[in-house]
Amino acid sequence: MKPLELLDGGEGPLVGWCDPDDFRDWVKNNKSRDMVDKTMSAEEAVSKFIKDGMYIASGGFGHVRVSMNIIYEIVKQDIKGLTMAGKTSVHDLDVLIAAGSVEKVEAGYSFGHELRGLSPASRRKVENGEVKVLTEWSNAALQWRFKAAAMGLPFLPARILMGTDTFKKSSAKIIKDPFTGKPLTLIPACFPDVAIIHVHRADIYGNAQIDGILVEDFELARAAKRVIITAEEIIPTDKIRDEPWRTVIPYFLVDAVVEQPYGSHPCNMPLLYYFDEEHIAEYLALTKTEEGTKEYFKKYVYGVNDFWEYLDLVGGIEKLEKLKKIEQVREKPVYPWG
Amino acid sequence: MLLQYSEAEYMVCVAARILEDRKSVFVGTGMPLLAACLAQKLYTPNLVIVFEAGGIAPILPRIPISVGESTTFYGAIMATSMDYVMSLAQAGYVDYGFLGAAQIDPYGNINTTVIGDWERPKVRLPGSGGANDVGSLCWKNIVLMRQDKRRFVPKLDFLTTPGYLCGNREEAGLPAGTGPYRVITQIGVYEFDENTKRMKLAALHEGYKVEDVEANTSFDILIPDEIEYTEPPTDEELEVLKEFDPDGILLGKKNKK
Amino acid sequence: MLLQYSEAEYMVCVAARILEDRKSVFVGTGMPLLAACLAQKLYTPNLVIVFEAGGIAPILPRIPISVGESTTFYGAIMATSMDYVMSLAQAGYVDYGFLGAAQIDPYGNINTTVIGDWERPKVRLPGSGGANDVGSLCWKNIVLMRQDKRRFVPKLDFLTTPGYLCGNREEAGLPAGTGPYRVITQIGVYEFDENTKRMKLAALHEGYKVEDVEANTSFDILIPDEIEYTEPPTDEELEVLKEFDPDGILLGKKNKK
Amino acid sequence: MKPLELLDGGEGPLVGWCDPDDFRDWVKNNKSRDMVDKTMSAEEAVSKFIKDGMYIASGGFGHVRVSMNIIYEIVKQDIKGLTMAGKTSVHDLDVLIAAGSVEKVEAGYSFGHELRGLSPASRRKVENGEVKVLTEWSNAALQWRFKAAAMGLPFLPARILMGTDTFKKSSAKIIKDPFTGKPLTLIPACFPDVAIIHVHRADIYGNAQIDGILVEDFELARAAKRVIITAEEIIPTDKIRDEPWRTVIPYFLVDAVVEQPYGSHPCNMPLLYYFDEEHIAEYLALTKTEEGTKEYFKKYVYGVNDFWEYLDLVGGIEKLEKLKKIEQVREKPVYPWG
């Protein structure tokens, strides 16, 4: 047999990876195939499934379709030492860094708020060493890491990263492909301890539907060891069974189902409500300092009893209806950061 | 000279004129999206806009501010996933990509990760995002960025996204026939020498001179014997831009940087 | 002894009783599907039926005759793709698999590809289909087949789907902890010795003797000191089977082979 | 760098594979991104895109959602020397083998009609050497070959085939995975020359929707160099744009769109019409001999001017309505082969 060549290896630590045989054992022993009611409160879901030091990943993309009620609950329960996938993780990651919950990041797109500018809190903490960037990736690399995991594989090949420092700071490898004879990157699987995914609707067992683009949640839900679903609404299972082709996440992947209308606020929920740019601007302004950051969390996380109170505080039904109108292109957005 | 239009508007208009009709383009928000929309409206009506989060060929009701928000698949021909669009790009279906950058080197490699040392950066930037993917997989990449001596550097603080690497892009395993195509700054447009793969002035914007290029570049940049000039934004172009971005949200922001 | 029930019915009933509740099972049409339906009705109400073409946990309005027809996703919790269900199996989500076979060897390896030489076969069979995948990826596999000396052979004409290979299944790279679990024939039920991974009699069907096993097997089969017996189909089981397959389409066919 | 080990290689020929860089060039030069009307007749689609000696793959699964109007048209135009992917290809493959169009097969599940028994025509021709089986695969292997191609990759890893003769007769390879240190199969990509996919509806540009399970058509449409879509109905593009998440195949993958209601007959079209078991039984009975096979084609392919005449011949509207009732569980199926 001809020897295959391993050409290069990233120097970054292999985080979130495990032997697919170990993941299979986890699935066998911990993921029930039984259809049982998994509805619970955000408080219960976080205290049950998210522990200090875990590797977490959040669904959606940037400020779009993010489970903010779970993010705030992580802050409230003062979970520490988390590692988070920076898979165009923006507001969610920034809030958890600002709160001191996330201490390590696998960076894809992180520490920025797209057009809104860089994240004051994340920049401060990364630059002063409080938060450690473990590895660098691209967006495609991170989602293919989840896809490899979803497929029960140790890696997926890809034609990216070669020749760059992004590769050097990753844990990918480059081989000489035995079919083409050309260099090919192998992207290691990533099996997060917990994925937190906000969806349009789910039944009590966790069968979930998402409207519009899936980003990488189709894969992430299978990659993670535990999946917390938050849903804009709980629907009867009959509705799932009426259109089974609309199921994006089947129940046996899911460990907790939390019903929370407007659960993505201040982020966008496609077709339902737009970004609350005023709130995001307030957050970005306050998190410029440590004091302001404390003020933000005191007001919006510690100062409210639950997400309903939070929704009242950020403007209540009037604000939410306005965000709905903007989302549905019936009203012009406002960009206070412009 | 910047009375009627901003530098950003000039750059967007030049970018829009570079795109070809009946081709596909990966866009991020901000200048790239405005350039694509402007091109679609005036020059390349059949340009196919692709968003990395999964939206393909939408009918944009307004300019999205995130590449994942719902307007990116409003009236689209497909609302799919990142895996799907990245796979399309990997299979050769995406013709153009747009990239921004904090630093660029003579081979068109770019940095969007850190200024300073990676371990303890002076400025921590967002990282690759989709840039390494776009820069690796699209056929032709266009970089839109501000030019000065700290940004046009002989050696990047961090090589986030491949240009021509050291001229060995293909040997490194990146798809054959791909690479940076143009760099557009406030001063001019750059291309890459066919043999050396090093950056070369293609055209200056109105009002700029070769000395401006050299004064704002920290490496030896190839200058052709005959200098060409770009056309400044036309009234029609500026009107369309105003239509897309009436409040200057997308361009205003860029100007402030 | 075959007055009240056929051999196929006996096999299906025994298979149904082996399945566990709250587990998932990959089924093909015919006997495996009938066994899964029977189990779901009488013994394992929460059994999750998965079809290789993409249907997951349907409410079957009648027995499908193809694993891809629409009844396989009628009222299902998900109608997805082959990639999705095969990936689920590869990631450890599918507990049981059912396989049929033209030949089996002492290690539970099976042949569904050719009888005779591969280049110029005496009988060309359909090939692996999903069998190699099911045999590789599910936690426990159950083989349902007719037993005789030409089918229970020391060496297969073609090794289509892995059992324990030569006892080295895991070293070959197949997922740890997986492999053939039971073989059910018209004569009895077989399991595999924990150490040697060779086939071993687990139980005889009513009316059969150890000599019948030996007379219908071309290799040395392990026989325990104490012989256990399976229960014949109950009236309740037969009634349910009749309900699912009133015209004997699925079982009648198998009997003729 | 540690050398990687190439542990084993299948002895089968590498069919349908090309360097992903060559596929990229094909896509660049031959797949237009322009939205142009691609509707044409089956006759035109076949004569334009299917040539002697090509590698073809048919969508759907077994007797489900198969583009029979194109299959019959291939027979009618007497295309020869085709290689076909036996990806649970059943009736389509058997008809093309019986007619002498397909001469080589990459076998996954082939030469059988599931519960209906083995294919008389295919068995005869494979056993007498007229048809050559090039390679052996499993169903998952073949669809992952298409998935690798769809992703623009030379291969995908998988944990199947190891240790078997199926592997030996494939063109897969086994390496020692550099992440786990365990043997791992690499499944080479497959880029068919033409894929023929029957869908529920499409617009004139080729944007296509499929109801129910996708089997592997989501991947196959991207893997093939040319894609012929046949559709039960053509719908306006507005309907596509109203629900873009329902698009399974976007227009730029598609080269021809043929509108043909009942185009899957005698195969099943999910939610619309059931298998015509009487017709399949007639086919299976006739193809037991070469004479019968000729008779079948004379009657149903050469003897009709188009697919409409064929539909009349197999029982017309009354038969089709009956198949609809069976499909929609309003009537009991008949199984003449039982």
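Note that the chains are named A, B, C and D in the order they appear, and that numbering of residues resets to 1 at the start of each chain.
The rule we apply is simple: a residue touches a chain if its C-beta (ideal position, glycine included) is under 8 Å from a C-beta of that chain, and two chains touch if they have at least 3 such contacts.
Keep in mind the model is a prediction, meaning the values are calculated, not measured.
Enquirer: Which chains sit in contact with both members of the pair chain B and chain D?
Expert: Neighbours common to chain B and chain D are A.
Enquirer: Please identify which chain has its centre, taken as the mean of its CA atoms, farthest from the centre of chain D.
Expert: B
Enquirer: Please work out which of C-D and A-C is bridged by more C-beta pairs in contact, and write that pair.
Expert: Of the two interfaces, C-D and A-C, more C-beta pairs touch across C-D.
Enquirer: Please work out the Cα centroid separation of chain A and chain D, and write it as a whole number of Å.
Expert: Roughly 38 Å separates the two chain centres.
Enquirer: Can you give the whole-Å distance between the Cα centres of chain B and chain C?
Expert: Centre separation, chain B to chain C: 58 Å.
Enquirer: Could you tell me the distance, in whole angstrom, between the mean C-alpha positions of chain C and chain D?
Expert: Between these chains, centre-to-centre, one finds 27 Å.
Enquirer: Any idea how many Å lie between the Cα centroids of chain A and chain C?
Expert: About 41 Å, centre to centre.
Enquirer: Among the residues of chain A, pick out those that touch two or more other chains and give their numbers.
Expert: 20-21, 152-153, 158-159, 182, 184, 212-213, 244-245, in rising order.
Enquirer: Quick check: what residues of chain B touch more than one other chain, meaning two or more?
Expert: Expected reply: 55, 73, 79-80, 90, 137, 175.
Enquirer: Is the way these chains touch best called a line, a ring, a star, complete, or other?
Expert: other
Enquirer: Mind listing each pair of touching chains for me?
Expert: A-B, A-C, A-D, B-D, C-D
Enquirer: Can you name the residues of chain D that touch chain A in the complex?
Expert: Per the stated touch rule, the residues are 1-9, 14, 17, 19-21, 152-159, 173, 175, 177-180, 182, 184, 186, 188, 211-213, 245.
Enquirer: For the complex, which residues does chain D have touching chain C?
Expert: Answer in residue numbers: 60-65, 86, 88, 107-112, 114-118, 122-123, 126-127, 129, 133, 136-141, 143-144, 147, 158-166, 169, 174, 182-185, 212-216, 218-219, 268, 270-271, 274-275, 327, 329, 332-333, 335, 338.
Enquirer: Going by the contact rule set out above, which residues of chain C touch chain A in the complex?
Expert: 22-24, 46, 48, 55-59, 73, 75-80, 87-93, 95, 137, 139, 175-177
Enquirer: Which residues of chain B touch chain A once you look at their complex with the stated criterion?
Expert: Residues 29-30, 52-55, 61-62, 65-74, 79-83, 86, 90, 109, 113, 118, 120-133, 136-137, 156, 158-162, 165, 168-169, 171-175, 247-250, 252-253 of chain B touch chain A in their complex.
Enquirer: What does chain D use to touch chain B in their complex?
Expert: 20-21, 23-28, 31-35, 149-153, 207, 222, 237, 240-242, 244-245, 247, 250-252
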